[in-house]
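Sharing a structure with you now.
Here the chain labels run A, B, C and D in written order, and each chain numbers its own residues starting at 1.
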Amino acid sequence: MEILIAGRGGQGILLLGHILGRAIAKHTNLYILGSEIYAAETRGGDSRVDLVVADREEDADFIKVMKADIAIFMHQLQLDAYKDLVRDGALVFIDKSNTTNIPQRNWKVYLEPYTDIAEKEIGNIRVANMVALGHLIKVTSIVPPEAVEDTIKEVVAREWVDVNIKAFRYYFSKS
Amino acid sequence: MAVAHPLDKYLRTDRIPTMWCPGCGLGIVMGTLLRAVDRRIKEGSLKRENVGFAGGIGCTARMTLYPLFDSAHVIHGRAIPFALAVKIVKPEMKMIVVGGDGDLAAIGGNHILHAIRRNADLLVVMVNNMIYGMTGGQVAPTTPRGLYTTTTPYGNPEREMNMIKLTAALGANYVARGSITHPQLLEQYLYKALGKRGLAFVEVISTCPELFGRHIGFRSPVDLYMEIRKRIVIKAKPSIEESDYSWEKGFVIGEFVDRDEPGFTDTIYEYLNKIRGGGVQ
Amino acid sequence: MGVRGLSQLRIAANKYFINIIPDRCKECGLCIAVCPTKVLGRGSERNLRGFRYVVALNPEKCIGCRNCEYNCPDFAIFIEVGAK
Amino acid sequence: MRVDYITGNTAIAEAAIVAGLKFYAGYPITPSSDIFEYLARELPKHGGHVIQFEDEIASINAVIGASWACAKAMTATSGPGFSLMLEAISLAVITETPLVIAYVMRTGPSTGVPTRAGQYDVLQATYGFHGGLVIPVLAASTPQEAYDLTVKAFNVSEMLRTPVVLLTDATIAHTYGKVIMRERGELEIIERIRPLTPPDKYKPYEPVKEHVPAMACFGDGYNVLVESLTHDERGYYAPRTDVQRKLMWRLYRKIVDSAPKLFDYSAIGLEGCDYAFISYGSTALSAQVAAKMLREKGYRVGTLKLRTLYPIYEDGIRKLVSSAKKVFVIENNVGLYYRELRAILRDKEVVSVPIIDLDLPQPQEIVEVVKQWL
């Protein structure tokens, strides 16, 4: 299984990818490799995490997504840039707040305003990434949500844990 | 009943005579150094198994081949990092770095700078014979200006490097210059240096009878020795400025710096204990 | 024998013994030059390595200053206190 | 046992601690520096020292010194830093000093692209130093392998009294992965042989087991001699052909004869294959995916990922690829390790597939190059 997470620098893409990767590594029997790309020199440039997940160690055999089974796109620019890396039938989570033009593909698309939710309902625009992560976990159940919350506590600085968990739980609290 | 030479107990006697040329000052330095070590061992301030030598490459560095102690003859210019690491891992060791002017002031120059900056707990003995002896008499950073060497056949156009000034400026705990022509005095400096924490630097003005002396007109080791002895000026408390030398001006010997700042090893163990004791997060 | 395999000359000299290990001597002459009372001199016998090792020409003049011992680069000469 | 999600560089640092690292000396260089930083934070808690020296030359010489004080010691660097260390690696070879160098390759030559990957230095890793001998080189392609091979690198260095290079690159350095970390007690940890003889009988370079001498250290009371000159068993300089011959052959044999024991690899689909891909390090990941793509198209392609690059276990490699008609050597350089394999697979067609890429060679690109040979 291949997971692609992409957005612009500053959207917390690397943190999202790291928490998801870490939760899978530590709380499931799955094997995983993950790689990060970010354009350090230009804030707002590409930010991308590739996760390759498999039941057997030898099948987690590459660190780049070839054909993603699951994708999160947090911004139009990266959606345009990486749409061809997503396979037909994939589950694709798109931040409606930052996109206007959704390509016509044979995907199962979840178009949700993650950024607006973070800003208006959680009260902090910076946790849009956790809103999206919560949505992905709720839909896919790759890892138990409690495992993700434990991982958030491990990774995120103490004073930001609560708001991140609140954002992560957003979709779980909705029926 | 014959008795052994008093230093034989500290020598790999099966390797004596040394490889050095007749009349080479290095044997005098080694003997003097071993006498100073002997005094420290006899008075109980140093344990024999805790004395270690390290040298790079060059005639002086070969001084590591003969003492019956732990000894390392490593690569050119790099004895200081080797010795410092031994000291860090085993702080009970007293590491003595022996090197020539080429080994320590030229190729190894960067390491001595930083060893002094750290006040690394080492005794560094730099034997200054003002020439590259082992490779055949080429110019050294310490060669007095104007003198003939095989790579400065028209006379050395470069200024002499004064390691006393350098080591003093960077904050060594002890800086002295001795001469093989005054071995009893040199022994005092080395004895004192062995008792110091932090970095102790002792420069020894020495002779290379074959490739320095003969090239500049001194036909025998005795001639060169006497010539150097003439040019030595002993001072009780010389200033750093007085350490500048030239062939004409001669060489001031004495103790230039003597202070007692904490050494590197003490400092890093202090940190380590704090970290392990939970004092540092 | 002070040293395995090496012969050693022990010369009674006034209140001292002058000990010379001939096979260590490289004939550099430093000991002769630094002796304040001209006890030592160039020998005529050759050692194992072909050097004409130092000899004590005037042992009775030895004042025990150990300049020879300190200045010998080859551990070939040393002074022992205690002869009559 | 612990499970964590860490990068290749972190895996190396964690494994070094488990293996018993007590002294790290280094000089910052991308992309190896986070090994250094991680150890600077963690190793002191385990009673070890981490010191930043003035350059790579000082670092490696300090590592040698620490090892002679009987601390397990390592450094980490990249191509330009490794070049500076070469003279001292030669010293470690002749003085038989156990140490580990984590060599995180980056794009070269010279400053190249410091943050990006390549496999340009695979030959420098063992042939770079003067003196014409071989040191073991292990190559990791995932964080898990980086962890396992770091432990192995320490074990090999202690067992054979030799410097060992653990080779990775910028890609592996910063790739995250699930790493199963075994603790002391769950792992085989090898320590150097210490002398059993009393100090007056001890000879620092007299082999006691399979060409390897027992090692006394500074401060043990054994009057050790660390000797960079050609030496006999006592450590005495002996400029004689018989001594040089004996020393050279012993230093050579102790490494080369260990090739079967050191051989580490993973093979997929090699039995009965028509074509074999041989690769190592990060590029092996691309090669495995490329092979999978070709298998899906009906080609019988197997892959051999080498985790031990030196010493080369010739018989082992030959046997593994024996059914292949053609062998492809896939590397992110101009075709370097290919030369080694061509030399040992003389009865086969060996094809170099050199793909220069700042990251990973794309599997599709490998497929396209290889296809014309199928």
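A few remarks follow.
Convention: a residue touches a chain if its C-beta (ideal position, glycine included) is under 8 Å from a C-beta of that chain, and two chains touch if they have at least 3 such contacts.
Computed from a prediction, not measured in an experiment: that's the story for all the values here.
Taking A-D and B-D together, the pair of chains sharing more C-beta contacts is B-D.
Here the CA centre of chain A is 88 Å from the CA centre of chain C.
Distance from the chain B centre to the chain D centre is 38 Å, each centre being the mean of its Cα atoms.
Each chain gets one centre point, the mean of its Cα atoms, and the points for chain B and chain C are 27 Å apart.
Among the residues of chain A, none is in touch with two or more other chains. Residue positions of chain C touching 2 or more other chains: none.
Shown for chain B are the residues that touch two or more other chains, of which there are none. Taken chain by chain, the contacts run in an open path, each chain touching the next and the two ends left apart.
Of all possible chain pairs, the ones that touch are A-D, B-C, B-D. Across the complex, chain B is touched by residues 22-23, 25, 44-45, 47, 49, 51, 53-55, 57-59, 61-66, 68-71, 73, 87-88, 90-91, 95, 218-229, 236-237 of chain D. Across the complex, chain C meets chain B through its residues 1-4, 8, 10, 19, 21, 23-24, 26-30, 32-33, 49, 51, 70-76, 78, 80. Taken together, the chain B residues at the contact with chain C in this complex read 2-8, 11, 13-14, 16-18, 20-28, 30-32, 180, 183-184, 187, 209, 220-222, 225-226.
The residues of chain D lying in touch with chain A in their complex are 3-5, 142-144, 171, 174-179, 266, 268, 282, 285-286, 288-289, 292, 359-360, 363. Remark: chain A residues 18, 21-22, 24-26, 30-36, 57-58, 60-64, 66 touch chain D in the complex.
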